[in-house]
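So the structure is just underneath, and the comments pick up after that.
Chain naming follows the written order as A, B, C and D, and within any one chain the residues start at number 1.
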Amino acid sequence: MIGRLFRVSFYGESHGYGVSTLIEGCPPGIRIDEDFISKELGKRRIEDPSISTQRIEKDEFKITSGVFNGYTTGAPISITILNRDVDSRPYETIKNKPRPSHADLTAWIKYHGYNDFRGGGIFSGRLTAAMVAAGAIAKQLIMKYGINVYAFTKSIGNISLNNDVKLDDVVNNTYSNPARCPDPETASKMIELIKETRAKGDSIGGVVEAWVTNVPPGLGDPPIDTLDGDIAKAVFTIPGVKAIEFGKGFDIARMTGSEANDPIALKDGKIITLSNNSGGINGGISNGMPIIFRVAFKPTPSIYIPQKTIDLRHMRETMIRLWGRFDPCIAIRAPPIIESITAIVIADHLLRWLAWEKYLEEK
Amino acid sequence: MIGRLFRVSFYGESHGYGVSTLIEGCPPGIRIDEDFISKELGKRRIEDPSISTQRIEKDEFKITSGVFNGYTTGAPISITILNRDVDSRPYETIKNKPRPSHADLTAWIKYHGYNDFRGGGIFSGRLTAAMVAAGAIAKQLIMKYGINVYAFTKSIGNISLNNDVKLDDVVNNTYSNPARCPDPETASKMIELIKETRAKGDSIGGVVEAWVTNVPPGLGDPPIDTLDGDIAKAVFTIPGVKAIEFGKGFDIARMTGSEANDPIALKDGKIITLSNNSGGINGGISNGMPIIFRVAFKPTPSIYIPQKTIDLRHMRETMIRLWGRFDPCIAIRAPPIIESITAIVIADHLLRWLAWEKYLEEK
Amino acid sequence: MIGRLFRVSFYGESHGYGVSTLIEGCPPGIRIDEDFISKELGKRRIEDPSISTQRIEKDEFKITSGVFNGYTTGAPISITILNRDVDSRPYETIKNKPRPSHADLTAWIKYHGYNDFRGGGIFSGRLTAAMVAAGAIAKQLIMKYGINVYAFTKSIGNISLNNDVKLDDVVNNTYSNPARCPDPETASKMIELIKETRAKGDSIGGVVEAWVTNVPPGLGDPPIDTLDGDIAKAVFTIPGVKAIEFGKGFDIARMTGSEANDPIALKDGKIITLSNNSGGINGGISNGMPIIFRVAFKPTPSIYIPQKTIDLRHMRETMIRLWGRFDPCIAIRAPPIIESITAIVIADHLLRWLAWEKYLEEK
Amino acid sequence: MIGRLFRVSFYGESHGYGVSTLIEGCPPGIRIDEDFISKELGKRRIEDPSISTQRIEKDEFKITSGVFNGYTTGAPISITILNRDVDSRPYETIKNKPRPSHADLTAWIKYHGYNDFRGGGIFSGRLTAAMVAAGAIAKQLIMKYGINVYAFTKSIGNISLNNDVKLDDVVNNTYSNPARCPDPETASKMIELIKETRAKGDSIGGVVEAWVTNVPPGLGDPPIDTLDGDIAKAVFTIPGVKAIEFGKGFDIARMTGSEANDPIALKDGKIITLSNNSGGINGGISNGMPIIFRVAFKPTPSIYIPQKTIDLRHMRETMIRLWGRFDPCIAIRAPPIIESITAIVIADHLLRWLAWEKYLEEK
């Protein structure tokens, strides 16, 4: 469960009935636009087989509770995205031969061999459809406060977007190319790199950047439930994530205080900071500036190149050569997931913040 | 509250009565060595005023519940470290002038001005003494399973430890120099840089690396409570943290799958991986290899150089010039904190894992 | 969410897609017998229209995640019982006229009119099918430790089972009559009373008693998560519950210590108590004796007799006369629900207890 | 931890350093009147040795975090009541001889003998001082909304207050006599009974009733976190509780729907019910009427009459004869505890409700 008031769970498996989300604690009266959910789910799909998996899911979903006459009811909301285009044959191969850097081995150990290994089970990228469905509800919740969440591909391998990207480009261009990169030129280079990598049977990593705009200052609940900590934990539920950094992130470790500190100023009567090296969060609390963070995705561990592994039946070393359908780069599929996970955490902290604000309003 | 079975809270303020931890769910029968707690608290202190704060706390602590005749009782454990060497005068300055990149502004907004601003209140590095006290209990819990947690300074500014550090050096050298760096030569350069920075009235950032050895494979509870996600969330409770990366971290985003994947092999009948780019975690579950992660600390936001800020009483722009006692580099004080926070998360996941293992044992 | 390790949620509505449960934290490797689930769901049905609702649900269910090849996988388990025999017409009546002592009014207020009022929405007895599905999993979990949960009707109106009921009768007779009463003679009187009550268009309350046998001593986690408190909270999720008492319950308030105390003794080397006025729990922890508690159910608030209420559209007083399909006595449908809810709480505390036991085993 | 937003823990032992509460999530800006806390703690004391324990604690407390300049800061609040008048000698007797119906045996089993048995450790009535301290904060929080919580002794043994008690008598008389009974005449009879019982070396049970007035309709969060369920769970943290009933409670199980249902009506434009058999809660949600519930307390298990028990060292049957200081009737000490525990739950649900109300306000 992510969250304390707006509480989200994920369940389902890659090759089972479907993947689902359960949302508890969502306020009533939020208009739920099913087309919006469809559109959000659509942002996960990259229908270019040269750079993406050939598994094509239309992502039919059904809301099975918590929405009535087009509005949230206040009761738990559940959404299921059915699995259709399932081909479990290739997974017989991996049943006893864990794929390096996949969850196959750890799942086999933790679940004593009982886990549904088909398609990666709960560790599949397929689960992210449930994240997007939950995110679509969260986005409709936070929209009322004008909060927007954006994410885009920042780098693929060594191809990196430069730092002066504009919000307009993020809004307009991100989903107009399969690299999910707001700069069309950089996007082309990224796509080229992914194609080359795929041609070699290999995969490639990348970095996704997120921006959250119009967040009221005051969200976050230290000392434990910091806003950055809660975002971080939620982001690690996404398969393939290895790192997260806010604002200047790791670069700030090389800076001095006089370089890194964000001077405080006023603009049109509103408190702002003149730079945003903090990424919109200080002391675990939003400061009113855009929240900015980056997430590192590893290369898809599924590659066509033979790899060393072990045979779990006979406990001996062996090789594995995969076949089947894989994404050569999971990072480019991640922007809508990052947006969704972020919206979920923001929705929860927004409600928590509203409780105190309302309490303090009362005389 | 961090954790689900081994549950830890922090409270207290920098200039109040003291800083404390409450631990719920700790099993009974763990021998609590008070000298060990003292020694752990001692690792936070760097008694070299040229590179550390002049505030010297002896960190007297008292265990006020949950320990009886030298053993944990199974009841909630509370430990308080009293505040002694408190000088609140400098904080009158900041009462109405938030320090850039500090939590002063966000705290003032969130708490509507009611927060205890003295010494940074709950946002002070002082709170980390409570983290270390809780960590000392967690370490004594996980020791029974042979699990050890180490942390050391990886870089300060541009001075960086190279990558082939040995466990022996980590164990023996880290706390033998005030830079908390296992390589004495690099430590000297780090100390030099901190001194230079301080002489300019400035501060500097750094990176701390953690190693957790002997973690049984199977810890972590996806899809939500991943081991890396829970470590990440807990790490963000530490003041000054801006980023965390596991294994190869952000570098993995530039790698291909064939480079990044950790081949699986056998060694003395035990499953290992031939490299550890994953940092010991796959799919949110420990894989039996050392857990390795790095945390970026920003430069101390408190510097002696004048900075732009606003006056909250009159809502106008102004300058702030700080005086008082600050660390020029919080990163070098962080290794014991990182160790403690990590031990807390491991203790919780160890207990969760034991519940299932025990259940599955029963025929 | 009920529970800390074995965590259960309920969702769905009476006249929506279906009612569901989500179980997180269930260990892998538990054989799931679908016939057992069907049989448990069947215990909710009383197919005698003279004393039960005419709505007949066959309670087809599907397990949509977390079970693979007949065993739990360790991943979240979801089970949905589809709604089929839905007739929402009568609910137009109540849309604006809240039924006295129903949740109609409080739901309308809390959810600002957005709740799915059809069939009582989430407040319907229909939701208890999801509770039984979750309970069927929990029962299969605790069976491994020989723990059994029984519940039966203790009284209906003024017809009460005497106090010397035998375990054998509970096991063999409870579900052999529609009153769910282990004594056939008392059962007949109860059924008679329900029929008479129904004939008057009225309804009647009752008391259900639960027995949990073979609970290991040591379950429960005071000071907060007491075993009795966790059972109590879970029991109040069942519609119609107004009271719960353990052991002698309210009668103990009239007793002296010398009458009420359970003397401690040994039997075959095992610690027992010579009486069980405590109902198997002391200090919030199971003591190894059977856990015994009783739950009071109010009469079904839906009756055919006209009642005073208000019209929410015009905010004026009016009368309501219900038609449709109602149970004249919800208590007789409650035994399997009480069993299920209890099994869920016991499963959670069993796992929590195992974590400590396993930890303490290790030398 | 009780609560989701306003979160309360208890810790400490009867004969240790003190007993404490930690409150997380309390909004800032609540005026904390230390005299009020003292007065609340004073309500626990009954300084008449003929009917109460001779242990007299002045209940000195200190607030060690979360309050600054007389207001809550928004940070965690901790309050400790120090133990002073400790006499651990009598407890050597019970170290190996568990007192019947006490937690001695279950604690010894659960904590493997490591528990602090002195004075009952965490199971002592002493812990309730921490509950009252937390309740005093909660009461100051809910006062802003005009919510009041009252509790009084309803019955002791067979001496029972009649049912038509007036609010004025509850407010004015409850704490003016040591029986905590709003009717002076009944109070005298109760005191007489307690004295007689004590003279025989015995103890006696009782029932406490609680009233919560001015609760806004809409508090409670079904399907799981019902308001009655959360009150019930919290009430079972109090030592000696065996039962709880809302409204008509167990009596409702003997009623018909036409008798039990509370007709809905309007009064001065406000929705009310003409009776309050529901005790102010329907479907787990407050309905705006006073919340009314009763709690059964067992007789103090500590009596001076010899009792059968076992010797844990030699695992053989033996007798125990207690000496020391005990309350002959814990029920009369319970009203302020019940008030406090209830205020804590109401505070949490009030904040949760405010979050939604504020969200729905926004256009």
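Please note the rule applied: contacts are C-beta pairs under 8 Å (C-beta built on N, C-alpha and C of every residue); 3 or more make two chains touch, one makes a residue touch a chain.
Note that the coordinates shown come from a computational prediction; the quantities given were computed from them, not determined experimentally.
Looking at the partners of subunit A and subunit B together, the chains they share are C, D. Taking each chain's centre as the mean of its CA atoms, A is the chain most distant from subunit D. With each centre defined as the average position of its C-alpha atoms, the distance from subunit C to subunit D rounds to 26 Å. One simple way to say how far apart two chains are is to compare their mean CA positions; for subunit A and subunit D this gives 45 Å. We define each chain's centre as the mean of its Cα atoms; on that basis subunit B and subunit D are separated by 39 Å. Residues of subunit A found to touch two or more other chains are 1, 9-11, 24, 28-29, 74-76, 110, 112, 122, 223-224, 356, 360.
Against subunit A, in their complex, subunit C makes its touches with residues 1, 7, 9-13, 16-18, 20, 22, 24, 28-29, 62, 64-66, 68, 71-78, 80, 110-112, 114-116, 121-122.
Touching subunit A in their complex are the following residues of subunit D: 4-5, 24-25, 27-29, 74-76, 141, 144-145, 221, 223-224, 350-352, 354-362.
Those residues of subunit B that touch subunit A in the shared complex are 1-2, 9-11, 98, 100-103, 105-107, 109-110, 112, 122-123, 127, 155, 157-158, 197, 200, 202-207, 217-218, 220, 222-224, 226, 228-230, 232-237, 239, 241-250, 252-266, 269, 271, 273-274, 277-279, 281-288, 296-303, 305, 307-310, 315-317, 331, 353, 356, 360.
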